[in-house]
Structure formats: structure tokens, C-alpha cells
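What follows is a group of structures, each given as C-alpha cells.
Below are two complexes that have chain A in common, paired first with chain B and then with chain C.
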Partner chain A sequence: MKAELNFFGKTLDMAPQRRRRTLVVLIYSAMAVLMVVLYLLTHWRGTGAYMFWAAMLACRLFLGGYYTGGLVKPFNNKGPRRYDMPPPLLLLKLRIYQPVPSSDDSAYRNDERELHQRDHAHYLAYQAIGVSVIIPMFVASMRVIRPALLAWIPMNPDEIYYGLLLIALTLFLTLPQSILLWTEPDMETSA
Partner chain B sequence: MQQNNPPPGESGLYNRIAVLRAERNISRQDLADAVGVNYQTIGFLERGDYGPSLKLAFQIAAYFALPVEAIFSTEPFQPLSQQVYGTAPTSSATNQTRSTPHES
Partner chain C sequence: MNAELVLMGKRISMASRTRRRWLVVFIYVGLAGITGLCTLYYSFTSACVVVIATWFVNGFFLGGDYLGGLVKPFTGKPIESPILESIPGHLLKWGFHRATKPTENDIRSDEREVLLRDRAHYVAYKVIVFAIMFPLIAILDRKDGLHSLPASTVPLDRLLFNFFLVAWAIYATLPQAMLVWTEPDMEQDQA
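Our next item is the complex of A and B:
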């Protein structure tokens, strides 16, 4: 895990655990707000995919775990792929992240402790994601068995399923990194 | 003896990495680079919060040119003075050592 977050050219010190926890809370709060706004606008019809892109953006900029951006090193334990030619987005100067450094990829490799932490975080996330998938199944069964129990929810059942699946998707993309950022204690200086 | 060997963290392993590093004036980053881990991991190892793999333990032992059992142990380490000279440091000796600079 990196101790510094490079955000649009500014370097933020994320070594204190408190800051990382604040970041996680802010990200999930923003996602919750976005989900509510999308529901109020279109009932997630046609806009539910924005949650996916928002989660990917959060990973790219803050959380990491995939590609090169964010605090958590790539889960696949590999350095970024490099191309002989710059991608078109770089030519158009539309990049939203720092270009890939040309040095060795050791900065992207997890050591054995980090691999252990990564696997443990996925184990914990797996349980939470499992629960978030089971809930729609439970709701679906209740819709058949006891439809009156769901009558108080001001949403139709399809919207409930879709909303719960959006939550599961968001957790699938972001929860392992969030667990890592949340549980890693204060990071030390290299001296 | 227990006071000289604080209980290890989650790993259940005692180690002498911090002592050896200080003795040889090696930074965490230097050791981390030599054995191919993050410097944070060295801190976790020193505090006993992480138990190294056999490979990493041997790499650290090779780096310090010592046997593995001289660096890692499941039992508290004896003070080096006791191991070398066969005597445990006494409280009077400790006080004498502390008072030496004032006497001179």
C-alpha cells in the first residue's frame, strides 16, 4: 500500500490510518448520495451503470487495486502494461491520472505480507458481498410468499432488486481495497 | 528477562531484527530492498505483528550472515551478555553503568 496519494499532481500524505478511514467514509457517502440522486432522477433506468463507472473512478483515483492509480497496489501483483505508442487519450491530453512511470514495476508488486493482507481482505469482502447478493434472493422470495411485508417500501420490487444488485456491484469493486485502507495501521517512514 | 523481551505481536515469534539493524546501522529501507519486501513489512516483522515465510526468514538470516535461530525464536531471547558471558545483567551493574558518565 502506498503512503502517499497522487491526486491531480498534488501529493497527499495518507500514512495516518485516520485519514484513510476518512477517505473511505467520504467515498461511500458520495456513492450513497449518487445512488439516491440517480434513483430520484430516473429510478436507475438507464443510469444504473453510472454506479459502475463511479466505482471504477473511485478505484482509479483513490482506492487502487486495479491499474496504476490509487493507494492499494494492483491485486494481480503485476506492473502496468506498457505500449510503444501512447494511447489516444494521452495524445488528446484527456488523461485524468499520472502517466505510467518507466521505472521497474517493483512499486506495483506486493510483498508476501501485502499478499496475505490482500487475500484476507478479499475473504472478508467475499462474505459481505455474499450477504448483499443473498438479500435480493430473500426479497424475491418474500415477494412471492408474503407480498404484504414489502408493501411499506415505496419502490416496486424490480427497483429493489436492481438497487440491491447495484450495491453488490459497488461492493464487489471497492470493498477489498476499502478493508485494506481501513485496517492498515498508521504507516511508518522509511528511515 | 521478560522485561527485556516484550511479548511478540500476532505472529507469536520473537526476533532480533531491530537489534541487528541498530547494531549494523542499517535502515529499514536498506533491509527491505535487500530482501525484496516493503519497508513497512520490516516494521511489522520487528514488532512481531507478522510472521515471515520460511523463504523470507532465510533471506533475512543470510543478509545478516547469521543462522535463522539467532534471529527468530518462539521463545524469548536471552540478553546477549548472558549468552556471551553466561551472566545475567544485575541491577547494581546496570546502576553502575548508568553512573559511570557522572563519575568521569
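Our next item is the complex of A and C:
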């Protein structure tokens, strides 16, 4: 895991556990707010995919893991793709472009301890994802047995399913990284 | 991992990987049959049948969640299978019990087993994404009025119910099945 975050040209020290936990709380709060706002504005019609993009952006900028960039090294142990073309001007202007590390760089290679941590984080996240499968299953079962029981919810049943699955997808993309960031103790910063 | 199963009062050696793989194949064929039948009958009972079937499979064959079965409990705690707790008389009569009380060795995983458990969950985590993506695609197909999927005439509640039944059956058994499948031939204790 990296101890520093490059964000719009600034280097943020993320070695203290407290800062990383704050970051995780902020990310999930922002996503929750985004989801509520999208529901209030459009009932997620045509905008539900924004949650997916938001989760991807959070991974690329802050969390890492399933995408390159962010604090957690790529889970697949592979470096970013190399292109012959120059980096996009937008990324350079926004100062979020990170040069591709050399093949022997440890920026994306997980050591044995990090691989174990990655696997353990997925073990924990698997339980949570199970809950996110059970809840829509429960709703579907309720709709089978007594549809009237869910009538008090002021949402269309399709929207309930859609919302629950959007939450599940967001968790799926971000939870293992968040667990890693949350549990990793204070790191030593390089002098 | 345990090297033998107690089935109908008989001890069956599962040290050979080939046998364990056959067991996994039989289990999934059985689960596919049960889940397939349950998807035909759109009722709460069918959800209960699938959940109980996975408890049964994990409690007596695969393990992982409970005492019994090949894989030691993932949590390292001696949790009895709810099936065994609910109808112990029947099961003991059929001989589905371990002849001796579980020892500490049957419950606690060593360091290698914990690493394998976490790795299996890491792989299973990536597989289980289908449980989120397929229903999402189905909902989007209906929401946007495309109706381009083959099952577009099936009511959404019913389609999702069936999806989640299959997802649950896989979710509850996949890490254990992976461990049973991948573990190489074990050495048998000399009697």
C-alpha cells in the first residue's frame, strides 16, 4: 500500500491510519449523497450508471485495487498498460497523470504480505457481498409471498431492486480496498 | 482439510483429489437440479428449499460454514449446522454424524489453511459479481424498455427471484468447493 496520494498535483500523506479512515468515510458519504440526489432528481432513470462511474473514479483516484492509481496496489499484480502515445493533455493539466512505472518497479507489485492482506480483505468483503445478495433475495421473496408487505415503501419495486443492486455493485468495486485502508496500521513515512 | 467423510455411518476416504472433484461435480449437479426445480415453482418454499440444500451440502459434505464436511470451519469456531440442530434425531439415525466429538484439530485451521481459505474467497469474490451484474442487466433491459433479453416475457420479480436462488446456491458453496477441488492428494493417516 502506498503512503502518499497524488491528488491534483499535490502529495497527500496518508501514512496515519486516521487519515485513511477519514478518506474511506468521505468516499462512502459522497457516494451515498450522490445516490440519494440521483434518486430525487431522476429516480435513477438513465443516471444509475453514474454510481458505477463514481465507484470507478473513487478507485482510480483514491482507493486503487481493481484499477491502477490510488493507495492500494493493483490486486492483479500487473502494471498499467503502456501506450506509445503521449499522455492525454487533460490528465496532465489536471495533474493526475502518473507516469507508468518501470517493469522492476514495486509500485504495483504486491509482496507476499500484501497478497495475504488482499486475500483476507476479500474474505471479509465476501461476507458483506453475501448480505447484499440476500437483501434483494428477501425483497423478491416478499414480493412473492405478500406483496402488500412492501407497499408501505414509497418506491417502485423495480427501483428498490435497482437501488439495492447499485449499492451492491458499489460495494463490490470498493469494499476490499476500503477494508485494507481501514485496517492497515500507521505506516512509516519515507524521509 | 479433513481427509475423510462420514456418510451413512461409513467412513469414506477423500484423500484422493479425484474423489473430491467427483464429489464437487455431484454436489453441483444436485444443486443445479434442486435449484432448477425450485425456479419452476415460484414460491417462498422454493427459496427455503435452496437455502436448506446449501446448508445440507455445507454441513455434511463441503464444510466451511459449520462443523462437519471436508473443509474446517472458516471462522475457526465450532458452529453446528442448523440442519443438525433442528432435526438431529433423523440425521443421527441415518448415520450422517461424525463418530467422535470434534477435536481442536477439526475446528482450528493452521496458517496454511487460513491462507488457502482467503485465496479461495479472493477468487470466489470475482466470480460472484455475476449475482449483481445479471440482475442489473435484466432490470436495465426492462427499465429502458429494450426487452432484448431472451426471458423478457418473464415477470421481473420472478426473474430476479430465480437469479437470486442460483446466486445464493453458488455464493454459499463456492469457496469450499474451490478448496476441495484444488487441494492436492492428501496423505492418509496410517491406521
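Quick note on the criterion: the second predicted complex is superposed on the first by the 170 of 191 C-alpha atoms of A that agree within 3 Å, B and C clash if a C-alpha of one lies under 4 Å from a C-alpha of the other, contacts with A are read in each partner's own complex, and residues count from 1 in each chain.
We adopt the following convention: contacts are C-beta pairs under 8 Å (C-beta built on N, C-alpha and C of every residue); 3 or more make two chains touch, one makes a residue touch a chain.
Keep in mind it's a predicted model, so treat the numbers as computed, not measured.
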Chain B and chain C placed together on chain A: clash or fit? fit
Problem set entry | chain B versus chain C as contact partner of A:S141, first or second or both or neither | second
Quick check on the superposed pair: does A:E188 touch chain B, chain C, both, or neither? Answer first, second, both or neither.
first
Partner touching more residues of chain A, chain B vs chain C, is chain C
Once the structures are superposed on A, label A:A151 by its partner contacts, choosing first (chain B), second (chain C), both or neither.
-> neither
For apex chain A with the CA centres of chain B and chain C, the angle to the nearest 10 degrees sits at 80
Examine A:H120 and indicate which partner it touches, taking first as chain B and second as chain C; both and neither are also allowed.
second
Check: Is A:L40 in contact with chain B, with chain C, with both, or with neither (first, second, both, neither)?
Finding: neither
In whole Å, chain B and chain C in the superposition are separated at their closest C-alpha atoms by 9
Check: chain A residues flagged as touching chain B and also chain C 116
Within the complex, chain A is touched by chain B residues 27-29, 32, 36-41, 43-44, 50, 52-53, 56
Note: in the complex, chain A contacts chain B through residues 1, 111-114, 116, 187-188, 190-191
The residues of chain A that touch chain C in their complex are 45-46, 48, 75, 116, 118-120, 122-123, 125-126, 129-130, 132-134, 136-137, 140-141, 143-145, 157-158, 161-162, 165-166, 168-169, 172, 176
Residue set of chain C touching chain A in the complex reads 42-44, 47, 74, 115, 117-119, 121-122, 124-125, 128-129, 131-133, 135-136, 139-140, 142-144, 156-157, 160-161, 164-165, 167-168, 171-172, 175
